[in-house]
Amino acid sequence: MTTFGESHGEALGCVLDGFPAGMKLSEKDIQPYLNRRRPGTRSVSTKRTEEDKVEILSGVFQGVTTGAPIAMIIRNKGANSKDYDALKHTYRPGHADYTFDAKYAIRDYRGGGRSSGRETAARVCAGAVCMKLLKEMGIDVYAYTVSIGDTIVNPDRFDRKLILKTETCMPDKVADAEAKSAIAAAAKLKDSLGGVIACAMENVPAGLGDPVFEKLDASLTKAVMSIGAAKAVEIGRGIYGAFMDGAAFNDAFVEEDGEIKKVTNNAGGILGGISDGDTILLRAFFKPTPSIAMPQKSVNDKGKNTSLTIKGRHDPVIVPRAVVVVESMCAFTLLDALLLNMSAKASNVKTFYARPNS
Amino acid sequence: MTTFGESHGEALGCVLDGFPAGMKLSEKDIQPYLNRRRPGTRSVSTKRTEEDKVEILSGVFQGVTTGAPIAMIIRNKGANSKDYDALKHTYRPGHADYTFDAKYAIRDYRGGGRSSGRETAARVCAGAVCMKLLKEMGIDVYAYTVSIGDTIVNPDRFDRKLILKTETCMPDKVADAEAKSAIAAAAKLKDSLGGVIACAMENVPAGLGDPVFEKLDASLTKAVMSIGAAKAVEIGRGIYGAFMDGAAFNDAFVEEDGEIKKVTNNAGGILGGISDGDTILLRAFFKPTPSIAMPQKSVNDKGKNTSLTIKGRHDPVIVPRAVVVVESMCAFTLLDALLLNMSAKASNVKTFYARPNS
Amino acid sequence: MTTFGESHGEALGCVLDGFPAGMKLSEKDIQPYLNRRRPGTRSVSTKRTEEDKVEILSGVFQGVTTGAPIAMIIRNKGANSKDYDALKHTYRPGHADYTFDAKYAIRDYRGGGRSSGRETAARVCAGAVCMKLLKEMGIDVYAYTVSIGDTIVNPDRFDRKLILKTETCMPDKVADAEAKSAIAAAAKLKDSLGGVIACAMENVPAGLGDPVFEKLDASLTKAVMSIGAAKAVEIGRGIYGAFMDGAAFNDAFVEEDGEIKKVTNNAGGILGGISDGDTILLRAFFKPTPSIAMPQKSVNDKGKNTSLTIKGRHDPVIVPRAVVVVESMCAFTLLDALLLNMSAKASNVKTFYARPNS
Amino acid sequence: MTTFGESHGEALGCVLDGFPAGMKLSEKDIQPYLNRRRPGTRSVSTKRTEEDKVEILSGVFQGVTTGAPIAMIIRNKGANSKDYDALKHTYRPGHADYTFDAKYAIRDYRGGGRSSGRETAARVCAGAVCMKLLKEMGIDVYAYTVSIGDTIVNPDRFDRKLILKTETCMPDKVADAEAKSAIAAAAKLKDSLGGVIACAMENVPAGLGDPVFEKLDASLTKAVMSIGAAKAVEIGRGIYGAFMDGAAFNDAFVEEDGEIKKVTNNAGGILGGISDGDTILLRAFFKPTPSIAMPQKSVNDKGKNTSLTIKGRHDPVIVPRAVVVVESMCAFTLLDALLLNMSAKASNVKTFYARPNS
């Protein structure tokens, strides 16, 4: 996957190379995912209105993928660059303004440029394509909000159907209501909130991932940490597990209806970097939106102290819109591991090429 | 970096390609790092005695790196494979035995084979080489134990000199003593403990890392998550930050003696995936050692229920030996980002090639 | 570099990632290169008229590269897919129709789809961007036609200015005239011709390329062989050299005005995979255009014998339009090697990061 | 594949990562290939005697590949570095001495260091492993000498069995005898010869390779051009084809016993970068050995004119020993394309993961 584009540039886009040929695909398969990420659709998010309409430029012929690179673009339409003129020479705290200048000595200051959250729209396009093939294989990947600020979903009230219905993407109506109040309160204070997103991957075949550097958990973690505001990731019971003892953390194996199962899933579906057939569970920790409306201390690009007040349209919490991005990155990484795993066994390679018309 | 080798195979090794020419290097630069990881040197770790003596096979001429791949090997000597005969057909909980069989349908069952912690010795060799160049550039990378079981280092007692002196690698004598008691208690119960390791990277130039998929935090996280027992990673105040509000989390910029500094460092030295010149701080969460001496429920490779008791020499806690591995992976990733960043600006590229004899 | 797009799809495009920040760039820098490749501009080529107008979608801000991926697209406008309906089920000899079906079981049969020569327009966009930076560094890359059919340029009449003036891109007016006659004759016979293209790279610094797998000649050769109709490549006097003796082939070194020079350049500017500072010379051999208007024997996708007559607009010779593609691929590969070489010496790495504001 | 090691260093070696699990493998499978490359076994080659005994360090358990990286090393034993002391400060024409100094400012001058032909022994180890799996799949890869100096094999006398029997690796006794005389004559004159090597790949499934940058011919060409003395490569009738017309060059398709065949094979088994099921034919052009015993003009590393006479043990022709290296690089590249191609079709991916115990 390659993505390109800036927040206020001509267009955002994505090229997905190496995707298998022969899967039905149209813009209609992608748009619903983009809509989940789209600004302006929730009371809890920015008022910038972007249609976020995807156009497939290549790799699909008569509604079917051809094996050629699938290029998809989204034109930027709602960009209002004037809001950013004031930020041309000032480094916003928590943003990449300063580091971009340090690295490149030039910076598209409009809407965060390349480091804008809008860049993730391109990833969602790729994710939607991968999700479709995973679904056709019976693999189920879904992300949801676990917490926003101090409000945490109650597992006893978990209702998957709510993920796509609540504005917070929480699978829990009570938590959703509480979180919305907290967001409104933060917005009133010109402040912002962070949160936690979980992604579950169910019915994943055992055997995906490599034993050392390309461990499946390492790849998934990198994929998710590459999302702008993500600052920590755990697999299974990764954080709390560091404080447990081995007898409690180890997941005992057990035979169940002729299949090998685990009694618990502290490992989060990955052992030694390779999927074990159990649900893969990942949690990503998102920092509060750095764009807050209250005045902040900062420096300008001459290195002088100044203060700034960020205008423009910003989310008091980014988490609900990031849910589909986490899902997309996990779907992409999982499919990649699936394709690579096909050549793990010499016997499978031989069988594959022994088939006529393979 | 490429590594190879199994726990009880002929040798472990590592090939480091693309390392710059002209740095002095000998086995003496590497051995101290390996000794920090070596089993048998601590009361708290396995009694398998391995000399872990590294041999440089290539890439160094007359004591100086040549730009050619640096290959280093460590012969396995203390392997006692008989301990593992009983495990030939049984899947140890928490280990990669089952997933290796699922993926490859063959498995070197001796000492965990490729998924053994011994594999990390090869990474430490590469890390030591990278550390040397980083040090020559004034960059300071050091990891240490933050917690073992419930025992957490007290930041007020932080004493860096202790890292290389305490058996737990804790920079705090009191916590070290407590942790050793806890480890001894766990060992007596035939149980094991996990823990948390921090890695600080000081004096890193601003500008390292890429804005999207190759964010420096994403790369560091993947590098550390590829260590066997690591199950979660955070950058800066990554986990707690998800529960903070933006006003508190944002690090204000301030001018200090003509330089741009941050008042706080919740971001952990990375903004938008690019280093900001501040200390990079990463924390890795390690699960308790899965090899515990008490009887455990499991299945065999016929899918039948069984129980097993793991014999052999195992660490009741892996954390102290993993400290130098975390340090190595961070050093390697950091140097890689440093080298790649040299071509970020067209003006630098032109200056570089304008110099005579460049 | 990533490219995408099919001959008769929505658009062709290219994403150039890792390009240094700070170089002035606009569509005007790219269009002249595209025009050199454009169909319909020469008496010797296809009559399909494509504007081939490039649009930069990202990576450029206020006329300057930002370090972010540079995405460029070209909309397909002159596509006339009806010409290809007859080829839907028949495999054209010399084309990739059969192999695409074998690999993907689906094929965009319109204009060759992904394997169309039109795909190279996207490469020319990337090449033009690379050429600009190379030029600013004083490096001169230019390709030209050496032969078409039996007509070979006479080195004694070599006139570089003619390359951009003659319809054949030959730097020799006499040969150009002869070649045009030969092309006209072939077209009349509903046949086609092949030819040879040379690319010279002058003023390249010594030291580019890696000693083993990433030898500069290996990379250049792969880049050029990835152009559809290229079937052979030589570096320097590569082919004839296999029949020479060592005393004649070896290029003696000599000191000249304080610089190290070679008396001859049979090596073509590359020794041991690394540039030696002399002109790099590469020659690529292109097969005759496979699309010929005369009837040909073939099979259909049911495996039955048939015959076909290709309609549509085809070049009786592809060579003149491929010249700028060869140039582009060489420029891209050279720049890549230039950027990678910056970290070859530890002393340079240290100097780079020791500079303030590096 | 990663290789490491210098001509006169401790050892040469190779790490082959991603090789499928479950293939029987021992040193005995590799040694015969190394013996074909070994110096000192032919009247026509250098008298340096190296045992070239390979040791497998990892990736094989109980005689079977495990999917883990296969590391193989060869200790250097016959190195006689004193021969090279005279060359410490002088650049040998045709060698990489000067370019290594330009790139790295340090150079292992003993036996060419990293740029020595000995480096290819490591590639032969990897090639032998790949050859074994290809053979088990019924794919037949074999290289042979086509010409040495002016002596060219007569296709009418082609006898494959002779390849492993003649000292020149020519499949033609008459040419072999002539070539040996020519080599002896060149050696007497303290001169050297070049030559051409062909590699045929038979029974390759259609569909291998990618349509654009990773074309199978581009990959094969790069792999072969990365061999030190190779200076040109053609696929099929690549060179002569540039002078043919389309009607003659195009290979007509025809149905034969229910299969799709080509009447001729000018394309060399690859169409549009993808294998067409026909024999893949590649020819590589090798320059004459640059190490010649006669005095040569050169410069030293102070840039002063000097002359040098190369001592040591050198091949008057490298071609016979390079045959197995070409074969190895082709086998490696082909297997890589085979493994990658398994995920080209969505239907195959689904079938693969639908199988129980896949």
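Per-chain residue numbering starts at 1, and chain names A, B, C and D are given in the order in which the chains are listed.
By our rule, contacts are C-beta pairs under 8 Å (C-beta built on N, C-alpha and C of every residue); 3 or more make two chains touch, one makes a residue touch a chain.
This one's a predicted model, so the numbers in the text were calculated from it and none came from an experiment.
For chain pairs A-B and A-C, the one joined by more C-beta pairs in contact is A-B. Relative to chain D, the chain whose mean Cα position lies farthest away is A.
Rounded to a whole number, the gap between the C-alpha centres of chain A and chain C is 38 angstrom.
One finds 44 Å separating the Cα centroids of chain A and chain D. Averaging C-alpha coordinates per chain places the centre of chain A 26 Å away from that of chain B. For chain C, residues touching at least two other chains, in rising order: 3, 21-22, 65, 67-68, 100, 103-105, 114, 207, 211, 344-345, 347. Residue ranges on chain A touching chain C, taken from their complex, read 2-6, 9-13, 15, 17, 21-22, 55-59, 61, 64-71, 73, 100, 103-108, 113-114. Those residues of chain C lying in contact with chain D across their complex are 1, 3, 91, 93-96, 98-100, 102-105, 114-115, 119, 147, 149-150, 186, 189, 191-196, 206-208, 211-215, 217-219, 221-223, 225-226, 228, 231-239, 241-247, 249-255, 258-260, 262-263, 266-268, 270-277, 285-292, 294, 296-299, 303-305, 341, 344-345, 347. Within the complex, the chain C residues that touch chain B are 18, 20-23, 65, 67-68, 133, 136-137, 205, 207, 211, 338-340, 342-350, 352-354, 358.
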